[in-house]
Structures are given as C-alpha cells and as structure tokens.
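Below: a set of structures, written as structure tokens.
Shared between the two complexes below is chain A, which pairs with chain B and chain C, respectively.
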Partner chain A sequence: MLEIKDLRVSFHTYSGEVQAVRGVNLKLEDEDTLAIVGESGCGKSVTAQTIMRLHNMENTEIKSGEILLDGTDLLKISEKEMQNIRGNKIGMIFQEPMTALNPTMTVGNQIAEVLRRHKRGKKLSRKEARERAVELLQMVKLPNPEQRVDQFPHEFSGGQLQRVVIAMAMACSPQVLIADEPTTALDVTVQAQILNLMKEMQREKKVSIIIITHDLGVVASIAKKVAVMYGGIVVEMGTVEDIFYRSEHPYTWGLLDSISRLSKQKGEPLKSIEGTPPDLVKPPVGCPFADRCEYAMKVCKDHLPPETELSESHRCRCWMLDPDCPVKLGRRKV
Partner chain B sequence: MKNEEVLFDIQHLNKSFKVDNGELKAVDDVTFQIIKGETFGLVGESGCGKSTLGRLLVRLYKPNGGDIFYKGESVVDLNRKKAKAYTKQVQMIFQQPYASLNPRMTIGEIIKEGMKIHHLGSAKEMDDRMYELLDMVGLNPEHARRFPYEFSGGQRQRTGIARALAVNPEFIVCDEPISALDVSIQAQIINLLKRLQTELNLTYLFIAHDLSMVRYISDRVGVMYLGSLVEVAEPEELYLNPLHPYTQALISAVPKPDPVEENERSQIVLEGDVPSPINTPKGCKFAGRCKYATDRCRQESPSLRKISDNHMIACHRVEELNHFE
Partner chain C sequence: MKKYILQRIIIAIVTVFVVITLTFFLMHMIPGTPFSTGNDNITPEALAALEANYGLDKPLVEQYLIYLKNILHGNFGTSISFPNQSVTDIIKKAFPVSLDLGLRALVFAVFTGILLGVGAALKHNKGLDRFSSVIAIIGISVPSFVLGTLMQCLFGLWISSWIKETFHTSFQLFPISRWESFRYTILPTFTLGMGSIATITRLMRSSMLDVIGQDYIKTAKSKGISNAAVTWKHEVRNALMPVVTVVGRMVGSICTGSFVIESLFAIPGLGKYYVNSVSARDYTLTMGLTIFYSIFVVASTLVVDIIYCVIDPRVRLSGSRR
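Up next, the complex of A and B:
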C-alpha cells in the first residue's frame, strides 16, 4: 500500500549538488516490517524523511519519483493535505527521543497537541485529550501514566521518552510507522524493551513499520523485509532470510562479515570493508560500491548494474549476477 | 595470560560528584587489577560509571577515596613533575572523533602536540616520528597538513590513535572508540588497535557498550552496574556462563544478527530503567530489579569475590542460584 517509485532527491549545498537518493524503488505491504539498512550517508534517512516531506524545500530538490500511499502520490498533494497524512496515516519515531520532544511542554500536552491537531471529525476538548493521552501512555506501558502525563521531558529517562514518542506517533492510529534509528541512542536492555513494544504495537494495531537502522541485530529481531542501501541506491532487497542466508551482493556480505565477530577466533582479524563510502556530490557512474569491492571488474566502474530478480522477493544490483559474467561466486555461509 | 605482571592495581576506588539533590556516586568501591599486555573490557549501560573509571586511571579526575597503583606506585597524589611523567605512559582515545580533535590544528600538529609537551626530540625528529605514526595508523603523509573537518569519522579516529601513540605509552584507555563509527569502519579500527597492541606491547582498558565487540577484543571483561563492578571473567566464560543476574539480562538483551537464532533467543527483559545513581539505597544496587533479591541483598552490599580461578562476582546468592540451574 505504500510504494516508492524511482525516487531521486538532491540537496543543494555550497560544495555542490549532493545526490542523496538516486533512484529508489521500495514497496511496503500491509502489516509488513521493512528495514532499510546502510551506513551514514547512504540515503536511508533521506528516503524516510521524503515520505513524510520533512525537508526544507529551499535547498532540497525532488528530481523524480512517486510515493504512493493507497494510490495517492504524496509528492503531488498540497502541504495542507500532507498535514492530514502526517500523524493520521503515517507516524514517525525519531532517533533521539531527547531532542524530538519540546522541553518546555508537559508530555501530556504534547500528546494532546497531536490529537487535537490531527484528529479528524470532532474536536477533542482539553479534558478528553488529556484522558486519551493517559490511555496512550498506558498503551506504551509507561508506569504511573496518571502522574507522568503532567511531567516534563527532563523528568524521563531515554527509554521512557522513546515510549512517549511512540505514544505520540501512534496517537492517531496511523497505517504506517516510520522509525528512524529508534534504538540507536538507547542501551541494549532498553533497546530490547522498545523493540518488543514496537512488535506488540504491530500485532495489536496492525500498523506497517519502516525501520531505519545500521544494526543487523535489530534487523534480525524485528524486520520481515530488508532493503540494503549504498551510495543512494538500493543494492539488495529481499526477505530477512534472503538477506541473511542467500545474499548476493558483496556489500551485504561485507556488512554481515563485519558483525560476525562472535564466531571469530581470538587472534583472527575481523573482516572489514576497506575504504570509505563514495562522495555523493560526484557520485560514481558505475556501481557505487565498485571502489571498495574486492570482486570489482571494469564494467562495475563504468555502468550501474541493473536489478536482477533472483526470486519473487529477492532483487539485487550486481554485475556478477549478469548471465555473461565469467565469475560466479554466490554467498558462502558466514 | 602471557605474564602475570600487574600493571594497574585499583583498590576501593570511589568517585562521586556533588549535584543539586545529593551525591552522585559514579564509581563506588571498585577493586580490580589490569595485567600488563592484556585488554581489559569494561561494559555496562550509560551512567554506570565506566567512562569515569577510565578517566580516573589517566588522572582526568581525582578520586574521592581508594587508591590506584601503577606498577606498584600510587598515582593518586603526584607532584607536577611525576604527574607529567605519568601522562607520558598512559594515554586515552576518546569516543567522539568529531569533538576530540582541535579544529584549528592540522592533523600533523595534533599528533606532534604530545611530543612537544614531553620534549621528545628535535623538530626534525618529531616530524619523522609523526609521518611514521601516520603510516602506522593507515593515513597518508599528505594528510598531515589537513584539518580535522576534512576527515571522515574513521580517519579522525585514526588520528586520535596516532596522537595517543605519539608519546610511546604503555597503557591506553579506549573510551568507546568505535561507537560513533559505521559498522564497516568499526572493523577497520578494531583490527588496527589489535595490530598495534601486538606490535607495541600495549595494555588496553577498552570501554564499550557493544557487548559483542568487547567479547571479541578483550582478554578479560568487567561488567559495571551503577558504579559497581558486578562480574569479572574471561569473555567466553562471561558470555556463555554469566552468573550475575544483571549480566545474564544484559547479555540476553543483545539481538543476534541472525533471524533464526534471533527467533529462538530467550530473553530476560528487565523491567524499568537503571535507577538514578544519586543517593542510591544501601545494599546491592541491582536488588530493586533483581527477581532473586532477598532482604539480605537489600541490606548488605555484596563485594566482588572469586568463585573460580578466572571468575569474580558480586552477588550474595550466586552459589545457591546456580545450584538451581
């Protein structure tokens, strides 16, 4: 029901045009969980922010593409119509719960603001909004919601604030929840609590989730589908099993190898991907990973590999999958 | 361990900070040793005091109580001259590669600053040494004239490592050196740290909250909770056979990067958050969240004791609980 088609987004900066997203196609089905993984600067957050149209349009240019939510192109509707989509149809959770909330308002008032602003139909009274805020805090399992609703963000811990942010995002029962690194700023034990809460929200409220993360552990624990992004494009896309057990892209292999430290012997060095990601002011014409790829051929540097369909769910952009490619590697199990 | 020479002997170390509503005990009666040549990993959640402990060792903070012995000598009260000599032997690598380099100095100047302070040779010698260090950490000679803003996170962290190595230290506190970096870059930095350790015979205190990386790099691991060291063991022992209820919860909370294993993972989910370290109640600090806590745990704080050759734990009930299982 949410479909991104050939999305291209650029930012105009002093150093030139940064082509942050360079042709992304993604599809999110009902009640699905899609994880977008990749390193900083790969375009994963920009893609998510574009769905919500959160960019400063003064320096952002959406060069092409469509974002279809139940058939409506979110890039074509007016700002006013978009405001009815935000919150009501798509909710968002941010990376830093400490900075996502207003420090001068009680959390109850912040949740009430969402309800009063976005709730279609009858306008809620202040009292009703507060009651609803308490219910929402209860739903995200914050202890003593009756008291906590009147407290300010600084009186909460990071994990508690992320619960508040989730309550706000879920306040108007959206169909889609976008979570941009929701647990990166949290400790592991708190991360486990928040991931469990998100899974529960999905079961109970039937919400579809897009989660942006660089942590493959988080991906394995919550996602059903995975899109691996690199240099502004999706290099590989598939179910979580496709990516973890049958991946075909050398970058995905590199990501999996660099976290497989548990199976490593003490003295053995970790597998790392040498080099750094490409500069998207002058994006490479060929495969963006070619410079760091140990299997790179001449064709990789000159031409962007097309998408190869490996199965109904699994797609990958790599020249090694071309029928004419002399090298056949295939994923070895880590 | 290769040789059992104790480099650091930390005895009943305390550090508290005065805050508006009381006293924040960041490090509370911590006792342990660091052996020469080893990597001692320190894990725990934010606010558990692991960074404060690291900073105490390099004298960035002064302890309120307890003592730190480096090669048998106390380093808590040193005169200026001795303190300077000490800082040549212990160095630190910081968490934020973006904040820990002076933006107005070139990479070369940053690396040479420590050498200048300690008068390590002529200008020419320092330049030669600086280029040698750049090469050692995988940077190019032409990087010496660049400024930090021109560098990526990984390159900055390499600069931080070169700076720490410049004065030929024996011991380095690595305070979350990789947590601000991308996964593929993390492995590069870890491999570099490992290689340098073997080549230069360094001892590390490696502070991190990434449990799997600590397991990989450490010879022994200490787990901290609210200022106390609750368990110390070799990594395999600690990860496969954690004995402290907090360590058990902490290790079970790490998601496995494998969908099948992840589905089968049994989790001990702790309720609530880490309590505030300000005016902590007496007794075991974990008692409030521990499902095995008894009255004794709430009254009497357990001290770290040896239960087998390479396993130390601070828990009153460890023997009886592990008879259960």
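Up next, the complex of A and C:
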C-alpha cells in the first residue's frame, strides 16, 4: 500500500548538489515492518523524511519518483492535502525523544493537538481531547497517565518521552508509522522496551512500520523485511532471513561481520569496513561500494550493477551475481 | 512559588538600600553644593544659614542617617532647586508623562520588533530579512537626537509645508514639539521606540531561527499542523523567551524618561528633572528620583522573572509543581 518508485532526492548546498537518494524502490505491505539499514549519510533518513515531505523545500529537490500511498502520489498533492496525511495516515517517531517535544507545552496538550487537528466528524472539546490523551498514554504503558498528562517534557526520562512520542504518532491510528532511529538515543534495556511497544502497537493497531536504523540488532528483533542502503541506493533487499542467512552483497556481509558478539574471543578485534562512504556531491558512476569492496572488479567501478532477483523477496545489486562473473563466492555463511 | 517571590522581594529591598547608600555618598563626593553659584554674590553667612536650613552642615554620616529615617517615614524632602515643591510632587507631576510616552514607545517597539523579527526569520536571507537588518542598524547606530531632529524636520516641517503649499490648507502632519494630543505623541514615540525596535528585532530573529531548527518543530509538522499554527503556537511562543528578558530590562529605562527626547520634543517628563537635578546638586531630588528609578527597575525585573516562570515551565522552581 505504500510504494516508493525510483525516488531521487538532491540537496542544493554551497559545495554543490548532494545526490542523497539516487533511485530507490521500496514497497511496504499492510502490517509489514520494513527496516532500512545503512551507515550515516547513505540516504535512509532522507528517504523516510521525503515520505512525510518534511524537508526544507528551499534547498531540496525531488528529481524524480513517486511515493504512492493507496494509489495517491504524495509528491504530487498540495501542501494542504499533505498536512491532512501527516499525523493522520502516517505517523512519525524521531531519534531524540529529549528534543522531539516542545518544552513549553504539556505532553497532554501536544497529544491533544494532533487529535484536534485530525478530528473525525464532530468537534473534539479540550476535555475530550485530554481524556483521549490519557487513554493514549495508558496505551503506551506510561504509569500514572492521569498525572503525567499535565506534565512538561523535562519531567520525563528519555524512554518515557519516546513512549509519549509513540502515543502522539499513533494517536490517529495511522496506516504507516515511520520510526527514524527510534532507539539510537536510548540505553539498551529501554531500547528493548520501546521495540516491544512498537511490536505491540503493530499487533493491536494493524499499522505498517518503516524503521530506520544502523543497528542490525534492532532489525533482527522487529523487522520482517530489510532494505540495505548504501550511497543513496538500495544495494540489497529481502526478508530478515534473506539478509541474515542468505545475503549476497559484500556490504551486507560487512555490516553483519561488524556486529559485536558475545561468542567473540577476548582480545579479538571488532571487524569494521575499511574506508569511508562515497561523496554524494560527485557520486561514483559504478557501484558506490566498489572502493571499499574487497571483491571489486573493473566492471564495478565503471557500471552500476543491475538488480538481480534472487527469489521472490530477495533482490541484490552486485556484479558478482552476473552470470558472466568469473568469481563464484557462493552463498556466504555468517 | 510564594517562597521564591518573598525571597526575591527581600533581595529587591537590599538592592534598593545599596543603591540609596552608594548614590548618597557618591553624590556628596561631587564638588560643589546646591548653593555654589560660581560667583561671590552670596555672603558666607547667608550660605551657612542656607546649609543649616537644609541640614547640610551636619557630618555626612549623620545626614545619611537622617535621610534614611525620613524616607522610612515616606518623606523624600523638598527639592532644593524648586523650593516650593516636594520630590513626591515632582514625581507625581512628571512621571505620568514619561510613563505615557514610555509605554507608547514600548508597545510600538515590542509589536514592530517582534513582527519584524518573526518576518525576518521566516524569510531568512530574503527581502524582509534585509529590510529588518537595515532598520536594526539604523536603530542601533543613529543616536536619538539625530533621529528625533530628522523626524521633526521631515514630518513636522518639510512634508507639512509641502502639503500647505500644494493644497493651500493649514494642515500640519505632525507637530514639532509639545505634548498635547495624540498627534503630538507620534514623533517622540517613534524616536524613543526606534532603538528598542532594533534590539528586539535582532533578538527575535536569532531566537526564531534557533527555534525553527529545533527537533520539536519537525515533530509538530509531522503531526500535520498547518504552517501558521506551527509558527505561532510553537515557534513564536518559544522564541519570545529571551525577548521577554530584554523587554523587562527596557521597561525600566524607557518608562522613566529620556532626557534627550524629552528636551528635544519639549515634553514635561521626568528625564529632564533627573539630569538637571544632578548638575544643580539638588541632593533631595537626585536621591528621590534615584530611589524611584531603582524601585521601578527592580520591580520590573521581578515581574519579568515571574512572567518567565509562567511561560517557560523549565524554570519553575522546586516546590512549585502544578
């Protein structure tokens, strides 16, 4: 129901045009959970924010593409129509719960604001909105919602604030919930609680989730599908099983190898991917990962690899999957 | 909250006391007395009699203690240079005029400054932003006597005489001076407000730009709230905080009268008395006005701090949780 087709987004900066997203295709089914994974600057957040059209439009250019929500292209509708979709059909959760809420408004008023904005049918009075806010805080399992609803953000902890943000994003029962690194700023035990809450929301409210993260642990615990992004394109996409057990892209291998594991020997160094991501002002012609890839061939530097369909759910962009490729590494075990 | 206000009031009283003490001794350190005229047409006997009359022959510390006793009884004495008027009478007569002009200028400056600042921030680096920068530079760098004189020439003289000649009427756009009806207030209000507009505009602009970049603005937008609602409910409200502090400090200085502007426009306000009382060594008037001025400033600071607590929940002090 949410489909992104050939999305290209650029930012105009002093150093030139940054091609942040260079042709992304994604599809999100109902009640699906899609994780977009990649390192900083790979275009994952830009993709998500473009769905909400939250960029500063003065320096952002959407070069091409469509974002279809139930058949409506979100890139074509007016700002007014987009406002009816934000918070109503698509909810969003942000990375830093500590700064994501207005410090001078009670959390209750901030939740009421979105309820009153997207009221359906009759007008919602202040009192009713407050009652609904209490219910929502209860739904996200915040203790003492009756008192908490009138408190200000600085009186909450980070995890509690993220619950409030989730309550706000879920207030109008949206179809899609976009979570932009929702657990990055939280400590590990709270991360698990927040992820569990999101899973519960999905079960109860039948919402589809797009979660943006660089943490494969988060992916493993919540996602059903995964898109691995690098240098503004999706390099590999598949179900969680495809990515964790049958991955074909050297970049995905690198990501999987760099997870720290309890089974590691003492003193064994944590693996990392050498080098730095490509400069998106002058993006490489070929595969963006070629410079850092230990298997890179000549063709990788000159031509962008086409998408190879490995199974119904699994796609990968790598020249090693080409029938003419002399090197056959085969399925790699991680 | 009550405890906090009480604490602040006690601090305010101490502040005023320190101001009184410092001013009293500093004032007496200035060479000359109220009766030193520069020439010798006054006999030493007459001088001694005058000084005895005003208690100026006593040791300074004793004078100080007597003065403290008097003001505790609400007696600020009579002016030395205006012998038949008490200090309280002068304040009662002149302060309302200064306050009237000051409040007009303040309201004008706050509204214009905030609007220009918000506009400049929303149209960052565009026409309106440049325009507000120009206003700010003029407001800060052009002294009020230059601006005031220019205003008088332009609106009081040149444009009025052009209208008179062109349309053969006796119409005058704005009067050059005096303080009588609304038309008289416009030029001094504008001149007095201009400096404050500049400060408020620049502050509001930078404060707005800071708020616009905050994460919670993105959150508000992601809720589908219209741009206007985001601007007024989230951005302007939060950006106002530093402005409130500065405006609070302005209240004290603007409302107690400006010597330059009151002289320029012949406005019977307090500013003139203040400056003249110092040069005339009118000890009682200087002291009285200083005490009045400091109480006014301390009180407006206190009010600002209380307003701050109301608009920014983060500064609410412990024990004041709702």
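In this section, the second predicted complex is superposed on the first by the 325 of 334 C-alpha atoms of A that agree within 3 Å, B and C clash if a C-alpha of one lies under 4 Å from a C-alpha of the other, contacts with A are read in each partner's own complex, and residues count from 1 in each chain.
To be clear about the criterion, contacts are C-beta pairs under 8 Å (C-beta built on N, C-alpha and C of every residue); 3 or more make two chains touch, one makes a residue touch a chain.
Given the structure is predicted, the values throughout are model-derived calculations rather than measurements.
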item: Simultaneous placement of chain C and chain B on chain A, clash or fit; value: fit
item: Which superposed partner A:S157 touches (first chain B, second chain C, both, neither); value: first
item: When both partners are placed on the shared chain, which of chain B and chain C touches more of chain A; value: B
item: Which superposed partner A:F244 touches (first chain B, second chain C, both, neither); value: first
item: A:Q175 touches, of chain B and chain C: first, second, both or neither?; value: neither
item: Partner chain(s) touched by A:S10 [first = chain B, second = chain C, both, neither]; value: neither
item: Which superposed partner A:E113 touches (first chain B, second chain C, both, neither); value: second
item: Chain B versus chain C as contact partner of A:F94, first or second or both or neither; value: second
item: First, second, both or neither for A:T50, with chain B first and chain C second; value: neither
item: Closest Cα approach, chain C to chain B, once both complexes are overlaid on chain A (Å); value: 7
item: For the chain B and chain A complex, residues of the former touching the latter; value: 45-46, 152-155, 182-188, 190-191, 194-195, 209, 211-213, 215-216, 249-250, 253-259, 261-262, 267, 269-270, 272-274
item: Complex contact set, residues of chain A against chain B; value: 39-40, 143, 157-160, 187-193, 195-196, 214-221, 240-241, 244, 254-256, 258-262, 264, 269-274, 276
item: Chain C residues touching chain A - in the complex, by the definition given at the top; value: 214-216, 218-227, 233-234, 237-238, 311-314, 322
item: Contact set on chain A toward chain C in their complex; value: 52, 54, 79-80, 83-88, 91-92, 94, 96, 99-106, 113-114, 117-118, 150, 152, 154, 165, 168-169
